[in-house]
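Note that the chains are named A, B, C and D in the order they appear, and that numbering of residues resets to 1 at the start of each chain.
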Amino acid sequence: MFFASDNTGPAAPQVLEAVIAANQGYAMPYGNDPATHQVEARLREVFEAPDARVFLLSSGTAANALALATLTQPWQAILCHEAAHIQVSECNAPEFYTGGAKLLPVAGPDGRIDPDALATALGNLSDGKSPDTRRGPVSLTQVTDLGGVYSLSQIRAVTEVAKSFGCACHMDGARFANALVTLGCTPAEMTWKSGIDAVSFGGTKNGLIGAEAVIFFNPDHAYEFEHRRRRGGHLMSKQRYLAAQYLAYLTDDLWLDLAQKANTAAARLESVVTKIKGAKLLHARQANMIFAVWPRATHRRLLAAGAAYYVESGDPFSDDDPQDLLTARLVTNWATTNQHIEDFKANALVD
Amino acid sequence: MFFASDNTGPAAPQVLEAVIAANQGYAMPYGNDPATHQVEARLREVFEAPDARVFLLSSGTAANALALATLTQPWQAILCHEAAHIQVSECNAPEFYTGGAKLLPVAGPDGRIDPDALATALGNLSDGKSPDTRRGPVSLTQVTDLGGVYSLSQIRAVTEVAKSFGCACHMDGARFANALVTLGCTPAEMTWKSGIDAVSFGGTKNGLIGAEAVIFFNPDHAYEFEHRRRRGGHLMSKQRYLAAQYLAYLTDDLWLDLAQKANTAAARLESVVTKIKGAKLLHARQANMIFAVWPRATHRRLLAAGAAYYVESGDPFSDDDPQDLLTARLVTNWATTNQHIEDFKANALVD
Amino acid sequence: MFFASDNTGPAAPQVLEAVIAANQGYAMPYGNDPATHQVEARLREVFEAPDARVFLLSSGTAANALALATLTQPWQAILCHEAAHIQVSECNAPEFYTGGAKLLPVAGPDGRIDPDALATALGNLSDGKSPDTRRGPVSLTQVTDLGGVYSLSQIRAVTEVAKSFGCACHMDGARFANALVTLGCTPAEMTWKSGIDAVSFGGTKNGLIGAEAVIFFNPDHAYEFEHRRRRGGHLMSKQRYLAAQYLAYLTDDLWLDLAQKANTAAARLESVVTKIKGAKLLHARQANMIFAVWPRATHRRLLAAGAAYYVESGDPFSDDDPQDLLTARLVTNWATTNQHIEDFKANALVD
Amino acid sequence: MFFASDNTGPAAPQVLEAVIAANQGYAMPYGNDPATHQVEARLREVFEAPDARVFLLSSGTAANALALATLTQPWQAILCHEAAHIQVSECNAPEFYTGGAKLLPVAGPDGRIDPDALATALGNLSDGKSPDTRRGPVSLTQVTDLGGVYSLSQIRAVTEVAKSFGCACHMDGARFANALVTLGCTPAEMTWKSGIDAVSFGGTKNGLIGAEAVIFFNPDHAYEFEHRRRRGGHLMSKQRYLAAQYLAYLTDDLWLDLAQKANTAAARLESVVTKIKGAKLLHARQANMIFAVWPRATHRRLLAAGAAYYVESGDPFSDDDPQDLLTARLVTNWATTNQHIEDFKANALVD
C-alpha cells in the first residue's frame, strides 16, 4: 500500500544493470565521456530535435531551477500555477538560482494554468515604460501537481498566450512519461511542436535511481546552463552513471513501459477509491496520481493498517468529526503491484 | 494639477535650509558624524523606544528590501498584500536582497491584509517537518498601496496572526506620517505597541529631498543591517546630509504638519472627485491618496488640460467607449495648493 | 588639519545653489524629469560619446557594483588591483550585485594593475574547455587606491591585455577629475579612447553632496543597468536632485576647478610631508592623495593636536618603539585651506 | 595509464552491490529512510562525535559550497589556499551559495595554508569598527590541491590562527581517506580534535559512484544546511542510494583499504617518475597525487602512447624546445593496476 509518491519505489532492474555495466574501466569526468555524448544524441532523436542542447542532472529541483535560471533575468517574473512544484515544494530554489526573480502564481483547474488568468497576469506586468518587474518565462507542469494532464491544445493555449507577450515556455516534466502515455502523442508534439522552449524531462519518478534531463529546443542561451550547473554543484564528476541510467531508460521504450505500468495501476486504484463510502474524486484520474476526499474515519483505518499516502487537508488522527472529508493524494509507480491495490481495497471498503 | 505622486513635489524649505546648514566644515563619513548620532537618538525618542536601532538611507526600496533581508532567511516566505509596493513596484528588490526568499501575496480590502487570509497562507506553509519554504515575516503597508489606513486594531489583528505563527512583522511606512495623522495616535502605538518589529519610516514622499529611516524595535539581528546596507551601496559616505533632512523633519513636528497638509488637500480634492459626473470612489479617502473611477471622456479632458495622475486601468485616449469607467489614482502632497484643486475642479466638473 | 578623506569636506556652494534652484514645482520621478535628461546629454557631450548610456546614482559603491554587474556573468572573474576599493572596501558589494562572481586581485606598483601580472592571471583562467571560472571584466581605479595615476599609455597597456582576452574594461573613477587634471587630457582620452567600456564617474569626493554617474560607452547591455539599479534600490524617486548636482558640476568646468584645488593643496601638503624628520613618500604624489611613512612619535603628536588622517599600519598610540615608521594616508579636497596645511606643518616639523 | 584523476576510475564492487541491495521495496524520500538514518549514526561513530550533524550529497562542489554557506555570512571573507579547489575549480560555487561572500586566497607551500600568511590576511580584515568585509571561515584542503598532506600539527597551526580571530574552520576532504591513511591517525584526530568545525568527507574520488558527506561537529547552525541543500536541489528524493554507498564505504574499513591501494599505487608510480630523465618532483608524494616536471619531449611520447594525465603548464605538442620542463599531475585510484604503472614506465623510461 505504498502510494506516498512515485519516488518511493525501487529503480527498474534494467537501470541497475546499466549502471553495473557502466562501472568498467576509465571515463573522463564532468560529462566528457562517451556515454554522456551518446545520451545527448539519443535524446535529440527521441525529441526529433537535432539542434537541441541536452544536459543530465541528478535532481528534479535542480533541473527546474537551472532551466528557469537560464531563461529568466533576475528582474523578471516566472509565471506558474499556484500549485506548481516550483512554487510550493522547492524551498525557493527558482528564486535562488535566478538571483532573485519573482514567481507569480496563476490559477486554473486541476493544476493547469488558465490561459485567461495568464493573459491577465502578464498584462499587469510592466510594459517596458517603467523599471518594475518584467515579464519572464511561463512554466507548466505536465503531469500537473494536482494530477491533471494538459491536452496538446491546452498546452498550446497557454504557450500562445505566453508567446503573444514574448515569453519563453518551460515544461516541468517530472512525470513527462506518464503524461505522454496518457496523450498517446510524440515527445516532440508535447513540447516544441506545442510551443515549449525547454523541458525538464524527468526520470527519477519513473524508475531511475536519480537522473533528470533538461533539453533546450532553442539553443540560444543554453550555453549558460553549463556554467550554472557547474557552480550549482550539479555537474557530476562521474556523469557516466547518469548517462547509463538514461540510456537504459530510452532503450526499447523502457520509459514508456514503466509509465504505462504506473498509469494502469492508478486506473485500477481509482476504481477502488470511487467505491470508498463517501469518497469523491477531485477530478477524473489522468495519469498516475489520484486526488480524492473520503471520511476521516476511513483515512484513519487505512493509515493504521499501513497504507502510505499524503493526507493534504486536516489531521486524520484528530478528535474532530470522523465523517469530515479529508483529501488524499495517491501516487502509483511502475512497481505498484496488484497486491498493493488489493490490500488497499481490503482496508478501504470494509464499511 | 500635479497628483501623479507625492514624490513629484518639492522638498520643504526647512529641509533645504537644514541641508545648507549642514554644509559646513568636516564630518566623518559613513555615519560616524554627530548629526547621524543625533537623529538616531531623536528617532528613539519619537518612537519611545530607547533600545531601538536606527538606520538612515536614501531610498524607500532600499529601506524595505534591507529591513526585510535582515528579518528573513533565504528559504522563507515574506507575506504581503497582493498590491504591496514590495510585490508590485520594486523590480524584485526583496527577492534580490534576501538572497532569493519568496514573496507570497495575500488578499484583503483596500490594500489591507485580511487576517484570515493571512492565517490560511501561513498555515499552508511548512510546519518544520519537510524542508519546503518556511514561514517568514509579514509586511504591512501603512498607508496601504490602495490608499487605505489600517486602524490600530486592524494592525493588531494582522500582527497577532503573525505572532501566533512565530513570524516577525515589518511595516512599510513610506506614508507613515499620513497614516499617523489620520489615526491621531503616537508613533509607538502604530508600531511596536501594535506588534511591529521593524518599520520603514518614510520621509521622501513627505517633503524630504530623499531620506528614509529604518527602525528595528527588536535589536537582536539589527547589526546585520549595517553590513547589508554597506554591501548594497546604501551607506552614504556623506551621511550627514541625510541626517540633516531627518533632524529638520522631526523638529517642531514638521513631519506631522506636512502630512496634515497633504491629507487636508486630499480631503478637498475628494470632495471635487465625488462631484464628477459618473464618478465613484473605490473607498472613502483615508489619507492623501484617492482611488476613484469616472468616464474615459472626463479623463481625456483632464489629462489634455494638463492634469497629472495615473490612470490605472485602460487607455484614456483609446477609441473605446467614452463612457467606460477608468480608475484614477490621485495623490496630494504637502505643497498641493488650492489652485491645483481649483484647476482640477474647473476641468473635471464642466459637464 | 582634515585629511581623513575627500568625502569629509563640504559640498561646493554652486552645488548647493543648484539643489535649491531645483526645488521648484513638480517633476516626474525615477529619472523621467527634464534635468536628468539634460545631464545625460551633457555627459555625452563632455565625453564626446553621442551613443553612450548615462545613469546617475547616489553612491560610489553602487556605481561600481552595478556597472560591474552589467558587464559580468556570475560565473566569471573580475580582475582588479589587490588594493582596489571594490576588493577591499565595499563589503563584497561586487560579489553581491553580480550574483556571486569572483574578484581576482592582481599586483602592481602604486595601485596600478601590472599588465604582465594581468596577462598571467587571465591566462590561468578557463579557456572554454572546462566549466571553471571564466574571464570577465578588468576594473582599473583612477586615481588608484594608493594615490597613483595611470598615464594614458599605462591605461592602454592594461586595456590591451584585457581586449586580447576578450574582456571588457571598467574604470572606477571615484577621483576621475583629480586624475584628469593631473594628466591634462580629455575625458574621452582617459576612457573610451584608451579602451575603457564603462566608467564610474565620481562626484561625491569632489564637491557634490552625494552623486555619481555611470557611463557605458558600449551601450549593448546597458539596458540591464536600469533594472539592476531599480532592484538595488538605487533609482531615486526624486532623481532631479542628483541631476541638479551634476549640472552644476559640469557647468563652467566647476568639476575641474574643484579637482585642481584639491591637487594643488596636496602638492603643498606633500612639500611639508617631505620635510618631516624621518619621513619618506611611498611614491611621488600624483593627484590629491599622499602615502608616506614617518615615526610613530610624530604621528602621535599630530593626531593629539587634532590632525585627521588614517594611519594604515600599526597603532600610533602603542607602547612600541616611537621611531617605528608608520604609514599615513593624507587626502586633500577642494576646500582644503592653507591654514589646514600650516597647522599641519606647525605640528609636524617641530623636531 | 589512467592518471587523469581519481574520479575517472570505476566504483568499488562492494559499493555497486550495496546499491543493488538497496533497490528493494519502498523507502520514504528526501532522507526520511532508514538507511540514511543508519549512515548518520555510523558517521557519528566513525568520527567519535555523538552530537555531530550529518548530511549526504551527490557532489563535492555542493558539499563544499553548502558547508561554507552555512558557516559564512554574505559580508564575510572565506580564507583558503590560492590553489584550493573552491577558489580555482568550482566556477564560483562558494560565492553563489553564500550569497556573495568573498574568497581571499592565501599562499603556502604544497597547497598548505601558511599560518603566518593567514594571520596577516585575517589581521588585514575589518576589526569591527567599519563595515568592510568581515572575517569568515578558513577552509583547508586535505589532501591539498598540490598533493600535500597537512600533518596534525600543521592543521592545528592553521586552526589556532583561525580560532584566535574567532573564525570557524572547514576542511575540504575530497581525498580525506587518502590523507588519513598517510597520517595513520583517527578521523576525529584529523578533524574536531585538531580544530575543524565542519568537514566535507569525500567518497566519490575514493570508489563511490557519487556520494559525499558533510559533517558539522558544532551543530549550532547546522539546521540551515538542510534548507540550503533543499533549495540548492541537493536533497535527493531517493536519498537511500547515497546512503547505501556510504554504508558499504564504512563497512569493514573499505574506505581505508581503497585509499591505501591508491596511495600504494602512487608510491610505485613515484618511483618510476623519479627515474624519468630530467624529471624532478615538485615535492615528495604524500598521498595519491604526484606533481613533477619533465621534458616536453617525454610528455609528448607518453601522451601519444595513451597516458592520461594533466599537463599543467605549457602545451606538450607545441613547437617549443623539446627540453622545456612541463608540470604533470598524476593521480592514482583504488583500481590503478601494476599494469598501468608498467605501461607508463615502459613509455617514460625509454631514453
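We take it that a residue touches a chain if its C-beta (ideal position, glycine included) is under 8 Å from a C-beta of that chain, and two chains touch if they have at least 3 such contacts.
Only a predicted model underlies this, so the values are computations on that prediction, with no experimental measurement involved.
Participant: If I rank B-D and A-B by number of C-beta contact pairs, which comes first?
Facilitator: A-B
Participant: Have a look at A-C, A-B or B-C and name the one that copies the C-D interface, over half of its contact pairs being the same.
Facilitator: Duplicate interface of C-D: A-B.
Participant: Could you work out how far the Cα centre of subunit A sits from that of subunit D, in whole Å?
Facilitator: About 34 Å separates the centre of subunit A from that of subunit D.
Participant: How big is the gap, in whole Å, between where the Cα atoms of subunit B centre and where those of subunit D centre?
Facilitator: 51
Participant: Would you kindly tell me how far, in whole Å, the mean C-alpha position of subunit B lies from that of subunit A?
Facilitator: 40
Participant: Which subunit A residues reach two or more other chains?
Facilitator: In subunit A, 74-75, 90-92, 96-97, 99-100, 131-132, 134, 227, 230-231, 235 touch at least two other chains.
Participant: Can you name the residues of subunit D that touch subunit C in the complex?
Facilitator: Against subunit C, the touching part of subunit D is residues 74-77, 87-92, 95-103, 131-134.
Participant: Along subunit D, where are the residues that touch subunit B in the complex?
Facilitator: Per the touch definition, subunit D meets subunit B at residues 30, 73-75, 99-100, 130-132, 134, 224, 226-231, 235.
Participant: Flag every residue of subunit A that touches subunit D in the complex, lowest number first.
Facilitator: My answer: residues 2, 4-5, 7-11, 16, 19-20, 23-29, 57-63, 65-66, 90-93, 96-97, 204-205, 209-210, 227, 230-238, 241, 308.
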